[in-house]
Structures are given as structure tokens and as C-alpha cells.
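Same chain, two partners: subunit A is paired with subunit B first, then with subunit C.
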Partner chain A sequence: MTTLSAGSTSTDVAGRTRPATRWTVIARYELMDLWSGGKGLSILFGFTLVLSILAYLASADAGINLLDARESVGLLVTTSIALGTLGAMVVSADAISGERDRDTLESLLVTPVPRRHIVVGKLLAASSVWIATLLVALPFAAVMAGGPGVMSDAVTVLVVSGSLSAAALTALGLAISAVTMSNRTSLVVSLAVLLALAAPSQLPAVRSSTTVGPILIKLNPVSASLRLAENVLVRQEPWPDQLVYFISPALAAVVFTVVAIRLAGRLELGGSR
Partner chain B sequence: MAVTTQDLSVTYGTVVAVDRVSLQVERGSICGLLGPNGAGKTSMIRALTTIVPVAGGTATIVGHPLTDPVAVRSSIGVLPESNGYPGAQTALGYLRFYGQLYGMEAADAEQRALQLLQQFGLSRGQARISTFSRGMRQRLGLARALIHDPAVLFLDEPTLGLDPAGKEEIMVELARLAVERGTTIFLCTHLLDEVERICDQVAIMNHGQVVAEGTVDEIVDSSGAEGFARIRVRPEDVPVSDEVLRGTEEVRAVRFDNTRPGDLVVTIDNDHGAAATSLRALLDAGVEPRSFDFRGARLSDAFMALTSGRAGGDKVTEGVSQ
Partner chain C sequence: MNPLHGRIGRRALRDTAVSLAALGVIALIVAVSWPAAAATTLPRQDATASLDVTVAVEPATTSVVLGDSLDLQITVTNSGAAATPPLVLHLDILDPDSDGSVDPEDWTTTLTRSIAEIPPGGSTDVPWTVQPISAGTFTVYAVVVRPTGAGLSASNVTEVTVEDKRSLNPGNILPLSLGAPVLVGGALAVQLFSVRRSDRRGRKRPAEIPVGVST
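On to the complex of A and B.
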């Protein structure tokens, strides 16, 4: 029997501490570290700056009839999804491998907190970056939409499709962070994966293809989200035909989250002896 | 027993870091784990703290086997060798967070954190850790390891990078913990003087194996480490003293101190009897030493003897001419 004597510690009869809500403790701590430490605010500032410049240029173009409101909003929404997802992924890719590099992981791993609680807490904290960027993007979309119809489409795409895409890549970044032994490797691999996923929707050959191209875009969670935004906001295609573009982001969000949590069981300190 | 290991092994691929180590550490004692760099000390601690998997053997911490990591982790506090700190956090927030990870309510964790901050002289609990000196961070790390009042404390080089005063503070605190709270302390360090002073038990590792275990005296006695005597004679008596000492069975080597004419540094067997025999031989030869200072083998001598393969060597009698 353990001789633990911390009187206020929640222990069961076997002397074990109860891990029931440890992920909330981790999430709160990580959130504080992310936002009071300045990293989250820096990402948000950069995001807001890009969106402001984009909004200004789009408005100016609209003023001289080079870009209509739907195209402006489409550009803003796709940019918001891409950059917001990037921000959340960068934070999640740093979440575990960064702790390894900063020598703070060992102290965490010797606590009785289950590994999956550590991963879930960090996942939630990293997801806050997407939520923050979403909250910044929504007013921009509302102002640039110029009408309730476009605005509701833009909000739906951002909230549903963008969130699914961001959730998928945040979990993927965390999974990469869990298995890579250096922070640099984790960040490089995560960014490479994001680029590899985002690129197909931008390649002329894929865009113009009528056979393989659409399948590739629908299978890819990032390109599916970007294409959905373009189809709904710019091409004004009806919603029922676009629901297929939700499938891969939703599946990816579930699969990558499960993978990240399962990898938590194999969370290792790594590094030197 | 607080810590027991039986044939514990740790491997990294084909490299054997810890090789069938068997140890027993009593509750409330301070056990010094010594060894040269790469001896396997950190791997041993990481295995006992469930950070790295064991390749073979068994171990228990206050009765909990390593196969029950949650119970083990609830019973131990750990200050790793390379312990990083979140610079943006306050010391109070950092300790409170770890308290909550061990199951404390937020208010209780804060109370315990404040108590530890006071105990370790960290009055700036609301200051960011990035503003802390190295010594303050080490004390904060120790406070963090104690947040849940663990039964066993694993400390890997807790005084690394500290000034003498900082080292002394940490060592005093460790001794107090063991005596007053009955905390078992597993201390991995290179500070042999401090180990001699505060450790009840010592284990010396080399090449992944425990090459000596016991109290400091037991280890020194069993190591074959040699004692030393500094003998000062009149300069004109040096040749005859050299000859007499070389002819004494207990003397292993004679060396002259070129900076102090008349001083001889004599390596002899590690007991006072050998020292007395050497002194008697000089007196019988008509040499009257001006001083005779015998220093028995210390833990550092035993450490060197046990880890450099020089233990129990053949008698060497040599003289270095002036």
C-alpha cells in the first residue's frame, strides 16, 4: 500500500488518484499556456492581418467591378479555412514533440494521468486556435457577404466544413507530434502533409479533370472543404449536391482523432539515454 | 522496502543500458546512485519511474510492481536530470497544475503549492518562471516533485549547475525530508562528498551493472581503494625515509612532493595499522618525522577504484626522484 499522505488528494481505496477529469486540467493549463504565453495571440494577429489585407483588396476590386461579393466571400472563406487550419495544426504539431524538446515531457509522463488524457487535453487546447480564427473570420464574412443569403452560406461553410477540416488536421498534427522525436521534424512533416492535401484542389490538371480529379478532391478533406466553399459561394451550386464534400472531412476528423488517442498509449519520452 | 529490483534490465535496441541490477532500498533512507557518465543511472531511474520499459527482471516501488504504472506514479516524485519549465507560467500556477494532476482539488493544490513555495524560499510565486534563476528553477522542480507528498523521491542530478550555497540548501532539504517525513530518496549525483554526508546507502553503477552496494564505509572497505599519508621529514632524511618506506610491506608507492622539499606522499593500505607500521619503520630507522598526516580512503577513491578498473591492484612500489 502506498504511503501517500497528501490529505486532500482524491484517492480510491487502493490509493490511486482518480483520473476522471484530468484531461480538463491539461486542457485548461494548455489553453492558458497557449494564450497567455503569446503563441496563440501571435497566430491570431497574423491571421487577422492577412484577412484584413484580403478584405481591403477584395473590397477595392469589388468597387471597380473586378470581383463580385460572392467571389470576395469565397476567397475570404477559403483563405480562412486554410490559414485557420494551418494555425491549429502548427500548435498541435508542437504539442508533444515541443515538450520533448523543451524537456518538460518527462515531468508530465511520471504523473498518474493516463496518456490519452494528456492527448485529449492538448487536442482541445490546439483546437482553440481554429475557434479563435473562426470567430475573427465570421465578422469579415458577414460584412463582405452583402446579404443574408451569401452570409448564411459563408457561415455554414466556415462553421461546419472548416471546423471538420480543422479538427481532422489538428488531430493529425498531434498524432505526428506524438510519434516524431524532434519538434522540427514534427512541424516539417505536418506542414508537408497540409501542403500535400491542399495542393490538389489548386492544380489545373486536377481542377480541369472530369474523371480522377473530382474523386481526388472529394477524398481529400482539405481540398473537399476548399471546393465546397468555392462551389457554394462562388458558383452558387445548390447545397444538396454539395453534401458529398462533407464526407471526407468528417471521416478524417473521426479517424485522425482516434489515431491520435490510440497513439497516446505509446507515448514515449524519446531522446537520449 | 521502498524500492526493490531483481535482475532489472533496460535495453535500447541492442545496447544494454542496465544489466540485471538487483537493489533494495529501505523506507525513509537516502540511497545514492553513483557512476560515471553512461553507467546507466538515468536509465535505471527512468525504468523505476515507468518512463522506459524494462527488458527483463522485476521491480517494485512501495510494493507496487512496475506493471501497475498508475500506482507507481502516484507514489513517486521525480526531478529528471534535464527538467524544462514553462517560462510563461507562474510558479504558483505550475505547482497548482501538477497538484491537480495528482488528483487534488484546485483550492487544495493551491494551498499545497503556497506551502511548498514558502518551504523552498520561492517568495515570487506569482512571477513567471522565465524570470527565475537556475537555482530557483531547481528548487521549483523539487517542490513540483513533492507536490503530492510522495513516498519515494527520484532525483537525477538535483544540484546540477547550482552554486555551493544552492547545493547546500538542496542537500539540507533532502536530509530533512528523509528524517522528518520518512521520504525515501533515490539520489543520482556526482557530488561524492555530499553522498558521503547524507546517504544511508550507496550503489555504484558501471557499464550498466551495480559494482558495489552498501553503506559508504562498506563500499570504501570493499573497494580496495588505498589510503594516503603525507609525511614531512628533514630534507637530509629523505633518502633514508624513501628506502625505509619502500621496504615496508604495507606501503604501495612513495612519491616526493617537489614543491615541498622533505614531503613524501605515501600510498598505503587503507587502515590505520598500515599507517602505524610505516611510522614505526621510520622511527626505528632513526628518522623523526616533523608531521605524519594519514588520510583514509574516501568514497571518491572507492568510486575511482571501482569504475576505472584499478580496484585491488597489485602492490606497486615506486619512487619519483627529485
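On to the complex of A and C.
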């Protein structure tokens, strides 16, 4: 919940208000709400717990040569991308529909902040969940990599590809949250979209296809990121061949962010109750 | 009727429809990815007439530490008067102390290999590397079969003892695997405790304010 006071707007040296920086005020309040209210740390704790168990089991398998270091790091990186983007998307899917459900959207809309600034601020705050999960995942990747080569590949995949996917899905979650009238609907739709996007890279029919499968995987930002991690870390395919897997996450990040900001102009009151 | 109410009602209906559609997508994905029970047809049991070949697996008894590879040597010798046809060599693994089955594909990527014709009195050596995936005592044997028609010859059995190798701290991951959740969980606990404490203080405050004092 974001509650702004009149003093939240920043002023320049001449005493004029600067609406261009109001999104920073929203972002600051949202970040405080997210990380001091327990929600952000709860998500991060769940993520850390899952990652710790996974890392221990993968390292145990690597210890008896059932997995090599690249395979175990690949497993860690793909899981981190999937769970990290899920956490960020859940937070962003709650951003506007949650305010609507809690009857706090009205007070937010009457504050002297342009609606697109509200959306940008909330988007940045939700993205902080991905940054936090990234900070947790990196030490695990460093310990499990066992060498600078695997380590640099893992960090590049996590930071670049994972961040693009997270940005795309966070913006998508926010767009869904802006157009749905209840939080429940927003969360269900967001999770269904995430599942639908992640499924193609896991379905045997798509994975084994040599015609439609690769196209579907490259078009889909989530499956492109997961496939990139697999190709680079497990199959050790050269980086130049993998650049194509950055296209759809980057495009999706830009398009969904623009859509979310555009939808902000149509924000209206009303709820499912 | 207030047109806003009608619009909100329509949006609520639309949201419900969208939720149902989303659940439908989830159900469809689960249904598609569910492993279909494959219809299997058992092969016809042909007579197991012996081939004029002998199969030997060496060493006859061996032990290996879990995680290490084991090199087996399989020798197929033609003990007949005529050259053998092309044959198929198959490796199998079982756990005699357990009713459960061992999946040999976990031990080796190839379970079957082709053998070219062997002249009378000749032999073919086939090296086979396996990697056990669990500790215990296992029985390994090989059979040679004709690709078509009857004929089968089995080897001696090799007893493989796999010693367990477990580390509490595999790959030095234990400190991080324990430390990271403890750190984040501790921060969460402290945060929740402080939030509750400030909530309690907030509830107590009105009673603590003396009557008549302006706030």
C-alpha cells in the first residue's frame, strides 16, 4: 500500500515541484512497504530455502559424478531465473489490483502524482525482488561453478538474460494488475501466463521438434532465457550462437513496460466486491 | 441504474471469465505434459536355444567407490565350427538382495552393442565402462543374441560391490546452504518481531496518554 503525503513531492532550488522525479517517491514508498512490511523478505526467504536445498542436492550429485559442475550450475541458474521472475511477477501482479482490493487505490489516485509515475514507481519496486533473488543466487553459482569459466557464463546468463526476463514479466504482471478488477484474478492470470510461457521449453514435443519447436522457444521470452542457460552452461555452445536468445526477452521487456505505462492512463476505481 | 455499477459488473464478469480461461490453460498444460501410459507389447518368447559362443565378463568380482567408473571387459568367443552371424551383445544389472529393479541405463548410456561375425575359434573383446549410481552389491552379466531367430548365450555373473561415498559438505556448499536461509530467515524474524512490537505499542499508546492532554 502506498500512502503519500503532500511533502512527498520533491522541489528544486527555486522551490518548484519536479513532477519528473515523482516516480522516485512512489518507488521509495513501495520499496519501504515491500521490504519493511515482511512481504519481500518472505518471498526472498522461500526462494533462498528452495535454492539452498537444490544447491546442496546438486552438489551432492556432482560429488559422486552424477552431475558435472556445468550441469549443476545450469540447474541452479534456470531455477533461479524461473523462481526469481515468479517472485517479481507475483509482487507486480499485486501492485494495482491489491490497492484496489484494499480500497487504497482511490487515495493513491488523488495524490498529485501522474499515473504513469505511479506505475513506473511500482514497477521499479517490484523489480527489486528480482535483484534480491539475483544477489542470493550469485554466491551459490560462484561456489558451485568451481572455476572462472563456468562462473562468468553463469553470471552473464543470470544478470543479462534473467534480468531481461524478469523485467518483461514484472511489467506484464503490472499490466495485468492494472486491467483486472480483483487481486485474485490478477494473480491467477499472471501465474497462468508464466506457466504458459515456461511450458514450451519443457514439453518433450517442442524440445524434440526441429522445425516449429526452436522458433517457439526463441519467440517466447521465458523459454528463450531457460534455453540460453541450458545451451551455454550445460551444452557449452559458443556465445555468438546464443545471441538470438536475447532478442525476445529484450523486446518483451520494452513492449510490456510500454504497455503497462500506457495502461496506467486508464487506471480507474472499482472492485469486484 | 448507475452506469458505473454496470461497467464494474461487466468487468467483474470479464475477470471471472478470464480466470476460468487461465485455469483452463493450466489444466491443458498439465494434461499435455502428463506422461502418457505407453501401450507396450511384450515380445514373443522365442525358444532360448544356445548359440555356439561363450561370453565372459571380467573381472569376476570387483569393487568400486560410488562416483567412480568401472571398466568391464566382455569377451565373446566362437566355440562352434562355423562363423557366427552378426550378433547383439546386451548388458544387464540386477540387485539380488532386493525385489526392486536396477535401471542399467543409469549405469551406462549404451546397453546394446553389435558384434560382427566371429570366425570359428575366434573371439571379440568388448570394453564396457559403467558408473554405478548407488551403493550396494550388484550382479552384472551379459547375453549374446542373434538379431533374428532363436539363439542366446549368457555370460558368467560379475559381482560388483559399490562402496558408499557421502560427504556432509559436498563441494563446500554446506556453509552457504545453511547460512543463506538462516541469514534471510533471521532478518525476516527480526522484522516481523519489530513490526508486532510496534503494533502492540501503537495499540497501548491511547491508554497511556493522560486524560486532558491535547495531542
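Methods note: the second predicted complex is superposed on the first by the 253 of 273 C-alpha atoms of A that agree within 3 Å, B and C clash if a C-alpha of one lies under 4 Å from a C-alpha of the other, contacts with A are read in each partner's own complex, and residues count from 1 in each chain.
Criterion: a residue touches a chain if its C-beta (ideal position, glycine included) is under 8 Å from a C-beta of that chain, and two chains touch if they have at least 3 such contacts.
Only a predicted model underlies this, so the values are computations on that prediction, with no experimental measurement involved.
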item	value
First, second, both or neither for A:Val159, with subunit B first and subunit C second	neither
First (subunit B), second (subunit C), both or neither touched by A:Thr111	first
First, second, both or neither for A:Asp103, with subunit B first and subunit C second	first
Which superposed partner A:Tyr29 touches (first subunit B, second subunit C, both, neither)	first
First (subunit B), second (subunit C), both or neither touched by A:Val136	second
First, second, both or neither for A:Ile215, with subunit B first and subunit C second	neither
Touching partner for A:Leu41 - first (subunit B), second (subunit C), both, neither	second
Which of subunit B and subunit C A:Leu195 touches, first, second, both or neither	second
Common ground on subunit A, meaning residues reached by subunit C in one complex and by subunit B in the other	36-38
Subunit A contact footprint on subunit B (complex, rising order)	12, 15, 17, 27, 38, 42-43, 46, 49-52, 62-64, 69-71, 73-76, 78, 80, 82-89, 93, 97-98, 100-105, 108-109, 111-112, 141, 144, 147-151, 182
Partner subunit C, residues of subunit A touching it in the complex	36-38, 41-42, 44-45, 48-49, 51-53, 55-56, 59-60, 62-66, 136, 139-140, 143-144, 146, 180-182, 184-185, 188-189, 191-193, 195-196, 199, 202-203, 205, 270-272
Interface residues, subunit C side, partner subunit A - complex	4, 7-8, 11-12, 15-16, 18-19, 22-23, 25-26, 29, 32-33, 66-69, 131, 133, 165-167, 170-174, 176-178, 180-181, 184-185, 187-188, 191-192, 195
Touching residues on subunit A, where the partner in the complex is subunit B	1-6, 8-11, 14-19, 22, 25-26, 29, 32-33, 36-38, 99, 102-104, 106-114, 268-269, 273
